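Everything below concerns the one structure shown next.
Should a chain be cited, it is by its letter among A, B, C and D, assigned in written order, with residues numbered from 1 in that chain.
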Amino acid sequence: MTTDSQDWLQERLRFHGIKSNILARNLVSEFVGTFILCFIGLGIVVQFHIGGGATTQWIGVNIGWGFAIMFAVMATARMSGGQLNPAVSLLLWSMGHLKLAWVLAYSLAQTAGAFVAAALIYAYYYERFDAFDGGNRTVLGANGTAGCFSSYPHPDIGYWGPYIDQIVGTAILGFFLCVIIDERNQIPKVWHPMFFGFLIMMIGTGFGMNLGYPINPARDLGPRLFAYFVYGTGVFNSPYRGYWMAPAIAPFVGALVGGWLYHFALGMHNPDVVDDDDAPSDGHEKRQLLPTA
Amino acid sequence: MTTDSQDWLQERLRFHGIKSNILARNLVSEFVGTFILCFIGLGIVVQFHIGGGATTQWIGVNIGWGFAIMFAVMATARMSGGQLNPAVSLLLWSMGHLKLAWVLAYSLAQTAGAFVAAALIYAYYYERFDAFDGGNRTVLGANGTAGCFSSYPHPDIGYWGPYIDQIVGTAILGFFLCVIIDERNQIPKVWHPMFFGFLIMMIGTGFGMNLGYPINPARDLGPRLFAYFVYGTGVFNSPYRGYWMAPAIAPFVGALVGGWLYHFALGMHNPDVVDDDDAPSDGHEKRQLLPTA
Amino acid sequence: MTTDSQDWLQERLRFHGIKSNILARNLVSEFVGTFILCFIGLGIVVQFHIGGGATTQWIGVNIGWGFAIMFAVMATARMSGGQLNPAVSLLLWSMGHLKLAWVLAYSLAQTAGAFVAAALIYAYYYERFDAFDGGNRTVLGANGTAGCFSSYPHPDIGYWGPYIDQIVGTAILGFFLCVIIDERNQIPKVWHPMFFGFLIMMIGTGFGMNLGYPINPARDLGPRLFAYFVYGTGVFNSPYRGYWMAPAIAPFVGALVGGWLYHFALGMHNPDVVDDDDAPSDGHEKRQLLPTA
Amino acid sequence: MTTDSQDWLQERLRFHGIKSNILARNLVSEFVGTFILCFIGLGIVVQFHIGGGATTQWIGVNIGWGFAIMFAVMATARMSGGQLNPAVSLLLWSMGHLKLAWVLAYSLAQTAGAFVAAALIYAYYYERFDAFDGGNRTVLGANGTAGCFSSYPHPDIGYWGPYIDQIVGTAILGFFLCVIIDERNQIPKVWHPMFFGFLIMMIGTGFGMNLGYPINPARDLGPRLFAYFVYGTGVFNSPYRGYWMAPAIAPFVGALVGGWLYHFALGMHNPDVVDDDDAPSDGHEKRQLLPTA
């Protein structure tokens, strides 16, 4: 694919690009990034729930969502950093990367992006929804389709289960996010999006059977707000009253717990990077009895 | 694998390589690249449709097609850029990378490559087709095999569904193609083919249940033209009259929509690359209270 | 994700980081690393055993565990080297990388980390365990769940089968671990964790049907010790008396066999790295008849 | 994993390493590399055929074999180039990389390595074979297990089908092998093993339903020779007399066809690498109307 120059229309566009108002530019980035992430991600969930038969595989959900994260972060990394998740924004605030007011603004932009994504994916797959449930939208049950938009808990877990689930899932996200971005671990920036994608693939294989690993308040609440217009108040109160709060609140706790667990348990001991890369950093003994040939 | 030198026959061959006529060289590249892409890709689809049992898995289709894109682009990137898709060529024209007349020529070469691929894959798997349908070729239905060559829509979507489906799928392709090749995103060229492959894997997990994500007029029309000689006019008019136009036309719209959506929504705000890589580009506050040890 | 600076709290924390006592720091690293590895890995196994239906796929276990290894090694590589496995530590001791006393200390830290991981994953998925077996914990059988914590052999293998299985599986791990870390093979350090992850994915596809590829005494014994408090002595004596010793002992043999097999079979012949990278190292003839254009 | 120094035993070993007799060293490398490749690969096939139930997935075969190729090439690349396949050796001979006598010697070493791998994997999984067929080894049929060692064709293809199948499969291997190692395509050597692995994953998703993609005479014939001692002459004459020759001979043709197809169709036109990397190599027009900001 030819990448040698930027074309005239692209260049003309750039005269109108937001350059001076960093906050405005980053809000656009977070809105668009979360929109495209959730549009693709919800498409994957719809194919899983409604597709039926051969195109329905959990590993496809894992791999698809992982690459969706990778590409959405890649698209927005140089502007807003590709946070795309209010819980991640809060964690980065706690580490001094952005103001609390920005976290609020980012969260709104992210949730709005997810809302629009839900509306468009619903339009896109509208005929398939109709064919699946005969036009009779219900939240849960055999023909329930609200799970295409937001999480609903597995029947085997109780009231606090979803909170615990989301704290744990998002803690794993926060922990390894801090591993990846800790400059002492020397992971080149160009590969951060791919590792975030692999991280999401991993979480889905082990922490997805309770709620389906939303671990992102914007990704869960934005589509749920849209689903309200389709399914009514059941989307907030199924399977129990106020369930919607679990995936909307718990990830904030989880991200902080996981991110700072890294810093307390590992990061604070992580040795500084020294120029002499040959210096052993692990303190392991070398029994060098014979000279190297 | 030893790569240290080029051998004499290869060198002798290079005296006959097309060096001065860039268009001719690029047409060879697009023809061969699309041929090899579609030969492998159609092999994957045949294994999925006809293989039956253990070797038939949707995730295998996703991963196989992704790597097929990766390798076909890798093989042709240094000549024609590895476009292998008329919709991609049109998008690149709109961005000033090649002339409109070249887009036409490329499209013909790509479609011809896909046609030849279909003929050869049919010969290769001929016995398996015969065993599957008893030698009675039909387009659709329980023993229908035309889906091995080109897309046919899921019965649950109506007349315009395929158009919408292909616009959306190709828009995602065009959007992230522009993310990957935007030099401001600093993705090394050597990795572009792999990311294009991951992109196709992702699209297949979420946007494949309506038509099977052709998102490439050459990949769909070329094999359909070949299938005409096997199945007759049904390949153009199943399940409804003129269906074949949807995957042949809609991807052009989708690629333009998706590609320029990137430039309007994100690319125009994307900051220039500065040499000082330590400069923060995201405008995020740094509360650096303590000196770095 | 913004990585440009380290924040004040992180910097303040670093005043308390363990810098001078390398052993203590490395024990923390091995404890935390094995904890997070096993917490994620056991979550994957629970989802596989108890999840049922759509979220239960062996390939998900392979990919999930592979990425869990990758991320856990990535998080701890710069401190203790991310060994996270007593058999790996013993192999590295035999290669002169650390003292035998340290191997003992590392092994205890690793096993303790795995024990804590088992306790926490049990708490996390407690409701799912209860729903699965009606609160009646049994080691094996249709409702048995002890396999979520540690390995139990397939009924088709006899007394020594598990020993052979673990020697073979860990030998593959040890062999390729030595391939990856042999500096003569010139694999950049930043990619070591990913290749370790791919290695684990590979082993699971071909050597997982007997015991489920624990190939790590800490990963097997730590959770088994925790499981003792849930299931009783059956976890040590199922399906036969003293079974627990196989995955606790055999990996030490396997890692030594595999690692040194590499050095005896390949490593000792591996040519030194010379600065002139153009020099052919494979001794293959070059019939360079025509000059390169 | 600590890699900072080479240990005394490793260094002492290196005094005995084969340094002067390049052919002997490369034969060791090819023997060991093909052994480890086939040991792992046959383990994967056994798990697929005999494992049954949850651990049996075609995608696992694809991914496992791909990584097996990757690691086996990685382990031997700096000595013999990691050819591990007589058809690949012949292709490299035709490109002037090694003498024809060496191809013969390599082929013997590779086949011997595969033979030993088959013997050891049989010992390793012996109990599982017995449990599967009640100790009554048969080549084909419901309880047939010879397919764990070598390929047998799908019943739907005729006499020449296996020849065509192996020519096509190995041609794809040879074509992209030449893409990867063509220095003009500028793919860093450190990534060659990974791309070879991805290549094998791809081939398995689309060209595996006829014979199971052996595409390697050593990998097929070596284990078949071992299987003769277990199953008798049926391994050479099932399902038809002399079937064994197809996967033993056809890959040589396929590799030459595919490799030289690349050079004739693409490689001879591939432009030379120039130092000025900014120079456009694709001949695409640039309509640079506005200066770059």
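Methods note: a contact is a pair of C-beta atoms (placed from the backbone, for glycine too) under 8 Å apart; a residue touches a chain by one contact, two chains touch by 3 or more.
Here the structure is a predicted model, which is why all the values come from computation and not from measurement.
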Shared interface numbering between subunit B and subunit A [over half = same, under half = different]: different
Superposing rotation of subunit A relative to subunit C, computed on C-alpha atoms, to nearest 5°: 90
Distance from the mean Cα position of subunit D to that of subunit B, given in whole angstrom: 27
Centre distance in Å when subunit A and subunit D are each reduced to the mean of their C-alpha atoms: 38
Overlap residues in subunit D, where contacts from two or more other chains coincide: 2, 4-8, 14, 56-57, 59, 63, 77, 81, 92, 96-98, 282, 284, 286-288, 293
Interfacial residue positions of subunit D with respect to subunit B in the complex: 48, 56-59, 62-63, 73, 77, 81-83, 88, 92, 94-98, 154, 156-158, 161, 164-165, 168, 172, 175-177, 179-189, 192, 195-196, 198-199, 201-202, 204-210, 262-271, 281-288, 293
Subunit A residues within the subunit B interface of the complex: 1-3, 5-10, 13-14, 16-19, 22-23, 25-26, 28-29, 32-33, 36, 40-47, 50-51, 54-57, 59-61, 63-64, 67-68, 70-71, 74-81, 92, 96-99, 102, 124, 127-128, 130-132, 190, 272
